Every structure is written in C-alpha cells, then in structure tokens.
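In structure tokens below, several structures.
Look for chain A in each of the two complexes below; its partner is chain B in the first and chain C in the second.
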Partner chain A sequence: MSGEILLSVDDVSLSFGGVRAIADVSFDIRKGEVRAIIGPNGAGKTSMLNVVNGFYHPQKGEITYRGRTRARMKPHEAAEQGIARTFQNVALFKGMTTLDNIMTGRSLRMKRNIFWQALRHGPALDEEIKHRRVCEEIIDFLQIEHIRKTPVGALPYGLQKRVELGRALAMEPELLLLDEPMAGMNLEEKEDMSRFIVEANRLRGATIALIEHDMGVVMDLSDRVVVLEYGRKIADGVPDMVKSDQKVIDAYLGAGR
Partner chain B sequence: MGSAREGRDANDTFAKLLRSHVAERGQRPAFRHKDFGIWQTWTWAEVLEQTRAIAQGLLSLGLDRGDTIAVAGANRPRLYWSMTAAQMIGAVPVPVYADSVADEIAAVLSHSEAAVIVAQDQEQVDKILSVRDRLPRLRHLLFDEPRGLTDYDEPSLHALEAIMAKGRAALSDARLAAALDRRIDEGVGADPSVILYTSGTTGRSKGVVLSGERAIAAARDTVAFDKLTDRDEALAYLPLAWVGDHYLNYAQGLVAGFCIACPESADTAATDLREIGPTYHFAPPRVFEALLTRVEIRMEDAGALKRWLYRRFMAVAKRCGEKIANGERVPWSARLAYRLGDLLIYAPLKNALGFSRIRVAYTAGEAIGADLFAFYRSIGLNLKQLYGQTEAFLFVTAQTDRAVRSDAVGPPAPNVNLRISPDGEVQFKSPGMFVGYFREADKTREAMTDDGYVKTGDAGFFEPDGQLKIVDRAKDVGRLKNGQMFAPKYIENKLKFFADIREAVAVGDGRDFVTAMINIELASVGNWAERNNVSYASYQELAANPQVCAMIEKHVDAVNRSLSEEAMMAGAQIRRFLILPKELDADDGELTRTQKVRRGFIASRYAPLVEGLYTGASEASIAAEITFEDGRKGKLVGTSRIVDMAPFPRTKDACAA
Partner chain C sequence: MDLLRAIFIDPFAQMIGSPDLLAQTIWEGFVGGVLYALIALGFVLIFKASGVFNFAQGIMMVFAALTLVGLHEKGVPAWVALILTIAVMYALAVGIERLVLRPLVNQPDIILFMATFGITYFLIGLGELVFGGNPKSMITKELFLPGGSIDLHIPGGRVQLQKLDIAAAAVALIMVAGLALFFQKTRIGRALRAVADDHQAALSVGISLNQIWVIVWFTAGVVALATGIFWGARSDVSFALQVVALKALPVLILGGLTSVPGAIVGGLIIGIGEKLGEFYWGPLLGGGIESWLAYIIALAFLLFRPQGLFGEKIIERI
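Right after this comes the complex of A and B.
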C-alpha cells in the first residue's frame, strides 16, 4: 500500500483552556489504506478526528488534504471535499427512517433547489430517482433491506451503527472517518461490520481512518496504525510493528509511568 | 375441468408450457423480484428469453439429457428459471434447501449425482466448496449474486450472468436456436421433471422423482379446482426444495400462467406480502399463529376506542363470520353488523397483514387450532386446509370453498383415489403421484401397495361428511385393550391448543384406558399466577399448585368432551392425568430438536409416574436426572398429584355414525 499521501497532519497541537488534548502530532494517511488511530481513553483520538474534519481548529500545526494545506475549515467544507464520518455515539435523525437518513448523505450532491424538490417534479424527480438508486445500493450492500422504512430510533444499537455507516457511504467519500464503529457490539455484529469496512475500502475505494478499541479488529483491518497517549504520538507503523513496540505495551498496560 | 385439460398432450413438460405462455400471454407479468427497493418485473416473453439463455449456457458447459442440476438458494427468479432451463435440455433439476448445512448439501448432491449446481450467493458457494472433495461428479458451480465472489480463484466457478451471456451469443446463431427448440420438442412428459428430496424428519431423506406429465396433470386439476387464472399472483417465499413451493408456485404458476413474486429477502417477506397483495397464498399454521399474536399485542397497545371496536366486531365475526363464509343462513341484522365490522376492522386488518386480495389461502403441515383457524375465516379470509405429501406432488385432499372446518383436511382432491387400509393407514393414487425414489427401487416398492397405491404412513379416517381426518403417524397409533383406536398425537394436539398446556404425552397403547402427562406453559400459567397473587419460585412449584391443577383439569375435561363427540375417538377419553414436575427438554432427550415429544423415551424415563397412573394411586413420585443449561447434571425429585376424570358419554352424533 504505497499510495500517494491523501492527508497529512503536521505538528498539530490543540488545547482546551489549560488542557492539552493534542501535542505536536504528525502523521499521514495514504490513498486507499485503512489507517487506525488507537490509544488509551483520553489519548486524544476523537479530538484528532475532529481536527481532521474541521470541527476543531488546532492552535498550531497544519493539515494538508489532497495536496492543499488548509486554513480554518468548517465541517461542511470538509464534507464538500469528500470527508465523511461516523460518531462514537450514534448521531442519526432518530425520527427518520433508515432510507431517509441515508438519503441525507446525498444532500450535498443534489443540485436542484428546495423549490424544485418541494414540487418533486421534472428534473428534481429524476434527480431523486438517481440518488435513491445509490442509497438502495448501499442498503443492499449493508443488508438492511428489512429496516428500510423503520424509524432509526426504534432500531437496536448495532443496526443504528450500520445505518450511520450507510449515511457516510452515501456521500461517496474519499476519506471516511469512523469513530469506534464497533463499540458495544457483539461478536457477530463486529464480524459483519468488519466485512463492511473491508468492502467499503476495497470495492468502494474509500480511504478509511478509524478509531477502535478492539485490538483484534484493528490489527486485522488496518494497514498502518498510529498510537496516541496523552495527546502525543508514541508509535506509528504497520500492525505487527506497533504490537511489539514497548512504549505501546506500556501505555496499554500502564507500566513505566 | 374440460377447458383446463385441453392441450394436455401438447404441453406435457414445463419447458413446453413456458413456450405456450409466450404465445398466449407474452406481455403479461410472469415473475417479479424486489431488488434495490423496486419491484422488477419480467413478462413471459422475457422469462422465455432468459431461460433459453441459461439452457444454452448449460449446454455449452457440456450438460446433456439425463444429467442432474442442483439449485440452492432463496426464491430468486433466476433460480426458478434455472430449473426450467434444466428441463428444457432434458436435465433434471434438484432444488436443495438453502439453510441446510454443508454435510446435508453434500449428501443430496452426491446422491443425486449432480453435475452442476446453481447457487444463489457466496454463502451457498462457500458451503459447496467446503465439501467439494466429496463430490467427484460435480463439474461446475454457477452463482447468481457475485457479491464477495470476485476474488475466488476456482476454475469451475462461473457467474450465471456470464454463462447466460455465452448462451445468448450462441442463440443468435439460428441453427443453435432451432436445435434448442428441437430439444424442447423432444422432451416427453414421462421424463423425470424434478427430484425433490424429502425433509428427512422420518429417517434419511429420499429423492422423490416426479414426471412432467403427472406434475402438470396434478397442477391442472387443482388450478381448475381453485379457479386460478393468469390474473392471480402469489408470493414465493417457501423453500425452493419443498414440494409446496414447487407445486403452489412453480407448477401451478406455469400451468395457470399467474405471476410469481419473489421477496427481497427472507427478512422482508412480511412487507413484501403487503406490497404485492397476493391473491393465492399458503402459510403453515405457525405463521398464522405468529401473525395473530402480533395483531393481538398491537391491539393491546392501541387506544381505548380502537380496542373497543376491535373487541366488539371480533365478537360479531366470531358469531357469524364463518357462517357467512360457508354460505349458511344468517339473519340480516347479523349480516349488517358484519358488513360494518368489515368496513371498520376486518378489511383494514387484512390490509395490514397483506391479505386484502387473497381469494384462496391454504394451510397444512400440522394441526391448526380451531380458534386460530376460525379467526382468519371469520374476518373473511378464504383459508382452507389441504393434506398432501411429496410423493403425491402435494395434493391428496383439499377443502372446497364452502365446506371448511379446522379439524379435518377435506375430501380427496380432484382425481385422487383415497382409501383407508384395514389397519387405518391412509393410501392414495393421484394424478401427480411420484414415479419412484431416485436410485432406491427397494424403498419405492416399500412405499407402494401391490395394487399401486402409495402408503402415506399416516393414520386417518373419513368423517361422515367425507372429509379426511389425519390423527397421527400410523406407526404411533395403538389400541386400548378393548380394541379402541388410540392416537396419541391427536389427543396431545387437542390438549396443546390450550395456551396453558405446553406439552402433553398421552399413554394408552395396550392399556385399559388413556392417561396423559402434561407440561404447563410457564409463560401463560405464570401470567395467570401473577394476576391472581399466586406466588411461586419455580416451574415445579407452580406445577404442584392445586389451583393450577384445577385449571388444567378443566382443559382436560374440555378435551374429553370434544373426544366424546367423535365416533372414532369417544372411547379414548383421558381417564387420569398428572402434571409433570419437570419441563420436557431437548437437552434431556425428551424432545427432538424440532420440539416433538419422544414418547417411548419419556414413558421409560417416567415409568414410576406411568405406573402410578395405572395403579389407582392418588400421587406418584419420580427422581429424574436433569441437565442444566450449562451442561451440568442434577437430580430432580418430584411428586405429582394424579387426577381422575369422569368420561363423557358418547354423544348422539357419535353413536349414530
């Protein structure tokens, strides 16, 4: 996996008041890879994702995406540039159906204005049919046909996570950020989710950055792993290397502090 | 029958039938499948084109007349077409249960000597590849859905799509197209049309060979019987390998020319049913039961007005709905109330269930509770019972539209000869009856009588109105000392229709009278206990409660009353019963994995209890070993009170008959 660099984070620091969430972290994400960010609780993993998709603005350092070093960017700008994400705590529209939730992932790609869409006629209808097709392909891909018309609030957690992934995929993202996609899942759900992530990466061509606590999953899925502890990067490399790194073992086992 | 039978000789195979539909109704819908959220439809003309492409593709793989082609997967149009394509080239399709494990598939594939298997998806392909080394005759694997299969490095694995493209290209050559047509013409009705493997609940599964002309003759009879036409529509959601699907959907669909809709996935079948709104439907009793439970739970959650309306009008339906359905005389006031109920409750309810357009619905397979059956009949669903088996190509008996009852399975279906052997076994000769078991001539001989009737292995008798009543498996039917017939399952089923009774074991073969051992249903009796402030800590404690015993006694009494009304059964009323101190469990070997009681095993294990039932004791004790869920063993010591029942006298009806 020696693709070109899609995103690079250089010397980024982020503080909330006196708390340093991220301190001088640099790493990169290459096109087409699955990149894991791991670390103990409070290591700054979610903050890192929030920095990448423009939700937080780092005090120091810069982020280069698709070769362009960016200044402050807002989350919707990140979305427009092909960065999609899912959240640690599922963030869906609970009252809307699975299908509608996934359709919202298409909204950036819908060109007709609200008046055309309200009329639901002519070009707006053609457009909706086209986008519905894409969503249906995702529904088929994630095997959630049976809950297509179910409000997501009524779904079990594992399925909500799947719908959230569906919505992110609907954006046809170039970079997909997954924040603990398997938290709280049982073994079977984890296996399903792993399969979807692998297929999203291989067949749908999405570059993936994921935060995950299940080490088995991380080591199986990812091409490279970056390890954070207390906001600092302590290791970066292929899974096998990271696994045997003494600093990483210490961070997880709490030794040497 | 007249017009339906015309052209019998011309269309004696399914491949010829398909061709004839294109001439008669080429633009009518033939198949539907929900894909990507939309119902895709194929006309008869399109189906013929697709099927021919598969057939030519199979020829290009070297398949020939007489080969067998297995089909594994859910109800998908292309899997149905693959069966017709096999029949076109004179090969024999063998549908396989999609949920069978690899070993079972291997057994069927090797016994049927399948040369090709058409599999639905990766799941099926993986199963077959895992047993590949046991299948030397299997030459090619075709798959319908490529998902997940693109990376497989297996030279004998082909996408069905690719094989069809090859076939299509070949068929553009007029000579090859004509050759395929000739092949279809050369097929004769006496050729084997399909091999259906029995589910194997009673021993190893056997391959039932059916011929085209017989299958089509049987389907024609029942299509005429239920007046099915090309305007009908059915949802194909039953397993492909089951005779019911092959008959009700494939054979009847191809004979009548109606449209078969395939659900999007097994999980969406209920939604798909509502969207399609079939006019012809089949479901086993447990499906109807599950639906009714769902309706009742949702009504509990409904607002007060809706609940009141529901109760009010369901009472009306109960009073006169069935009578109206059976065409009996009903006072006009009741008719009016029923019409109003239809407007407010029955029609919306049927709509919610997807039953709005159903003209004919069947259920079969197991006994159906009278209340359950009456519920659907009374809201205006034309639900009927049939009795059949694979060897008959389904129909042996079927109820006619206006003579329907829950406790019998109907008179013989059209052109079926039915008789009861001297020892009580049901035997038949039918238009669709099987040719033989595949590669098991001895088994075929065993299953037939010398004069050509098929032995069903079921015991039954005819009711005065000519309807057949199945009581039990023939080998389980015994006799009391006085010669009275004793059908344990028949009595047990009557007991089990009470929600408070979970399992029952009837004893009586070679005894003076019938006794029963009963398992209470913890959910419903427990619920009763909560409502009536009866505290209990375990099943055992609840089972020993005198109030519970009194409740069960009432149920047994009701069963006895209903037995007393039947001439054949009046002498087999339950004289004594007890409530078992332990729940029957498959882990202890008391039930099969499909939750059927193993009577012989239970009788020996609970011998002290059985003895108590026949020695006149007022209670009996047992010390049984039990297995906990985690596999540990323990001992259970329990005592059961034995209750004496007074039998009902034979009723007048029963005496007269």
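Right after this comes the complex of A and C.
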C-alpha cells in the first residue's frame, strides 16, 4: 500500500465567522489505499471532505490532487477530475428512481450534445444504452436489482445509502469520499456495506477516503487513519498505532479535559 | 324546482339538442386550454429545475412577442426577427442566471420568488422603453401562419375551425411531447430533475448548476415566445396580455407544479371547462363566469388533491 500520493492536504485552515472548523491540518492520501478520517463529533471531518471536493474553500493552505495544486475548485470541477462522494445525511434525488439516480452519476461521461439528446436518436441513443449497461452492472454489484424502478424517497435508509454509493461508483471515480456510509445501519447492513467498499477499492480501483464512527469497521477496512479533534490533527498512521495512541484514547474518552 | 331544472337538466338537453354548438364550444375551449397549457409549461420548466415559482413567466411571454413584433416594425424581416428574438431570450436567460440566480443561490425559495417580481418589472420597463407601450398586432402573415377557417360538417350542423387555432394546437402539442420526452429520457433532462431535487448532490456528480439554469430559462423563454405569438394573434400584443398568464395558476394547481403532462391536461380541463360553463351555465348567473370558474375548480382541487393530478407526491421520512 505504498502507492504514489494522490492527494495531499497541506496546512489547511477553514473557519466560519469566528468558528474554526479546521486548523492547520496536513495529511495525504496514497493511490489505492483506504484512508479513514475519524474523530469525535464536531472534529471537522465532514468539513475536511467538503474542502477536498470543493464545497468549501479553505482560507489557508493548499490542496494538491494528481500532482496539481489548486487554488479554488468548484464541486462540479472536482467531479470532472474524478472525485466522487456520498453524504452524511444521504443526498439523493428523491423523486427519481434508483436507476435514474445512478444514471446521473454518468452525466459527465455522456458527451452528446443537446440537439442529439433532444432527438434522442442516433449517437445519443447509442450512448444512453452504453451507459445504461454500466449502471446495470453497478446495480447488480450492489444487489439492488429489486428496487431499480422505485423512487428512492420511498426506500429504507440502508438502501438509500447503497444507492448513493452506486451513484458515486457510476462516476468511476479515482478518489471516492464516503461520509459515514454506515451510519444508522444494523450489523448485517454494515457487513454488506463493508464488502462493497472493499470491492470498490480492490476490484474497481477507487482510492477511498472514509469517515466512520464504528471503530471496528474503521480498523478492519482502512490502511491508514488520520484522527481529528476540534479541527486539529492529533494522530496519523496505521490502525494499530492509532488505536494505542494516548491522545486518541483521551479524545474519545474525554480524559484529562 | 325551476332552478334545479335550469342547472341540471336544461343545459344537457341543450347539448344534446344542438351537437354542433357543443362541438364548437368544446373546440374553442380546447384551443384556449392548449394555450393555457403552454403558459403553464413555462412555469413547470422553471419550477422543476430551480424550485422557483417564476412570476415573470407571463411578462416573458409579452416581452418575447413584443420583441418579435417590435423588431419587425423597425424593418427587420419576419424570419430574421424571429431568430433575433430567440437570441434575445437566450441573452435574457444568461443575464438572469448571472445577475439574479447566481448571487441568490442557496437562499430560501421565497427570496427567489420575490426576485422574479423584480424581473417582471424590469421587463415591463425595458419593453416599454424600447418598443413603446402601445398595443401592436401580431405579424401572423409574415410568419406564414395560416389565416381563415375550415368548416367541419358534423351531424346536426357544422363547426368552424380557425386555421390559426389548429396551428396553435399543433405547435403546442409538439412542444409538450418533445419536452416530456426530453425530461424523461436524456442526460440533460435527468440533470434538470437532479438539480430540482438536490443542489448539493447534483454538484457532487458533476452537474453544473449554472449551465442547467441557463438551459431551463432559455427553454422557458422559447415556450414563452411560442405562447406569445399565438395569444398575440388572437388579441393584441400588449402588456395587458400578461393577465392571461394568471390563468396558468389554476392550470398548475390542477396538473401539478412539477408535471409536464399535467400542464397540458390541466390546461385542457380548465380551457374546456370554462367555455362549457360560460356557454351553458353562464346565463343563469348573468354571464361572465369564464373569468372565475377556473379558480373555483382549482380551489376544489386544492381541498382534495393538493399535489394536483400528476404532481409528485412529496415523500417525507420522519
């Protein structure tokens, strides 16, 4: 797991008004690894992901992705560069079916112009069919065939999370950001989701950055872990090392504060 | 007893007695309904993609028609004027996206709604400034729209169909069918629905909000132009025309704010309903019920089916 560095975050600070969400945090993500970001509630984990995919622009610091340092990137540009994500509180297109939701993940790869699309003929139709096939494969992979035509707003939470992962995978991302993919799931659903994440990583070659509260999952899945507390980085390393770090234990148990 | 008879029996006896009058009334209602549907379609497009109820849709219709006629008055050939007007609607879409929507992104819907009031008054001012406030007549002949009428013979008499009305219905049906397909089956259609549903999620899969908004407002502008041409041809092109846009409200309530097929069915129900009501029941109340019947129908719908006939049921998990 010592691939080249895909993304590096250097000295990033982000604040909202007077509230410091992230303070001078640096870490990197290597190609092909599963990188976990953990920490107590309010540690700045989600803010960190939002910085990486361009929802937030940090006041200070640099982000280098694929060797290119960027100033400001918009979310749809991040998507063009191969960064996909899921959200803590599921952001799906609720009125659309599972299949349509996953198809939106292909939108960047469908290039036929609006006129062909309006006619829905010729090249646009071929393209639609080709991408449909990719989506059907993802649906098979995630075992959600039975809900292909169901509007996702009507699905139980666990399945919505799965559809959201499917939409992100449809983008064939190089870097996949997962914000608490297992929140609110039961044990069985967590096991399924863990399997999907591992397979997305190994078989589909996505590098993964993962925020998760279930320590068992984090320790099993991830190659390296970065720990945040109150917007600062307090530990960074392989799971075993992080687990026995005194600062991390204090942060979680609230000792000495 | 006489009253009940006048309400429940006489009108129907009249319908059966002279089917030609009935057919004529339905046809007129149908044409009016198609045009209501076109206006409603403009609202639906923008509402679907940006969740904004665009109060300016009515004035966009007048503005488009006025630009077309105004350019022709200034000596521009009709076809060139048509193309120029489409270009103006595109520029308007880009302008609205840059100057109004982009700065207001993530603001509550009511703020965007108020902003469309601003757009309304801006367009009224701009239209009057450039083309003057006098009513103008639509350049139907120059646009090769047919004039005159066809007589259709049916058992019991004949029905007179204006060729212009037939053209209006045909154009409207083609537009509605095209847009419905476009929304359901294409990438951009899907992107439009995605943006309507969740801005953040749409951004994360790489959909550019700005681009989608321009497409939507431009499409709504073209629909407004088509509507303006046909409404303008039936009366005059003047700012008073925006009042008919208000009729789109009951149509929207009936059809559902988010449904393209709903806009057309709602339009037809309102159009035919108000003509039949006016012709057969109007005399009971001294006439003039055409102007408010639509709102009563809409009110009844709000009580029993607030999402409209085809609107998306709002699913909320608690």
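As a convention for this text, the second predicted complex is superposed on the first by the 257 of 257 C-alpha atoms of A that agree within 3 Å, B and C clash if a C-alpha of one lies under 4 Å from a C-alpha of the other, contacts with A are read in each partner's own complex, and residues count from 1 in each chain.
Assume a residue touches a chain if its C-beta (ideal position, glycine included) is under 8 Å from a C-beta of that chain, and two chains touch if they have at least 3 such contacts.
Small disclaimer: the values here were computed from a predicted structure and weren't measured.
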* Judging by the criteria at the top, classify the pair chain B and chain C on chain A as clash or fit. => fit
* Check the residue A:R167 against both partner chains and state whether it touches chain B (first), chain C (second), both, or neither. => second
* Touching partner for A:E145 - first (chain B), second (chain C), both, neither -> first
* **Contact breadth on chain A, by residue count: chain C or chain B** => C
* Could you give the angle made at the Cα centre of chain A by the lines to the Cα centres of chain B and chain C, to the nearest 10°? -> 80
* Does the superposition put A:V51 against chain B (first), chain C (second), both, or neither? -> neither
* **First, second, both or neither for A:A154, with chain B first and chain C second** => second
* Is A:R133 in contact with chain B, with chain C, with both, or with neither (first, second, both, neither)? -> first
* Asked: chain B to chain C: minimum CA distance in the overlay, Å?
  -> 11
* Which chain A residues are contacted by chain C in one complex and by chain B in the other? -> none
* **Footprint of chain B on chain A - complex, ascending** => 99, 132-133, 136-137, 139-140, 143, 145-146, 148-149, 199
* **Residues of chain C defined as touching chain A within the complex** => 178, 181-182, 185-191, 193-194, 196-198, 200-209, 215, 258, 312, 315, 317
* Using the touch definition up top, name the residues of chain B that touch chain A in the complex. => 35-38, 148, 264-265, 267-268, 271
* **Residues of chain A defined as touching chain C within the complex** => 53, 55, 74-76, 79-80, 84-85, 87, 91-96, 100, 103-108, 110, 112, 114, 117-118, 120, 124, 128, 151, 153-154, 157, 167-168, 171
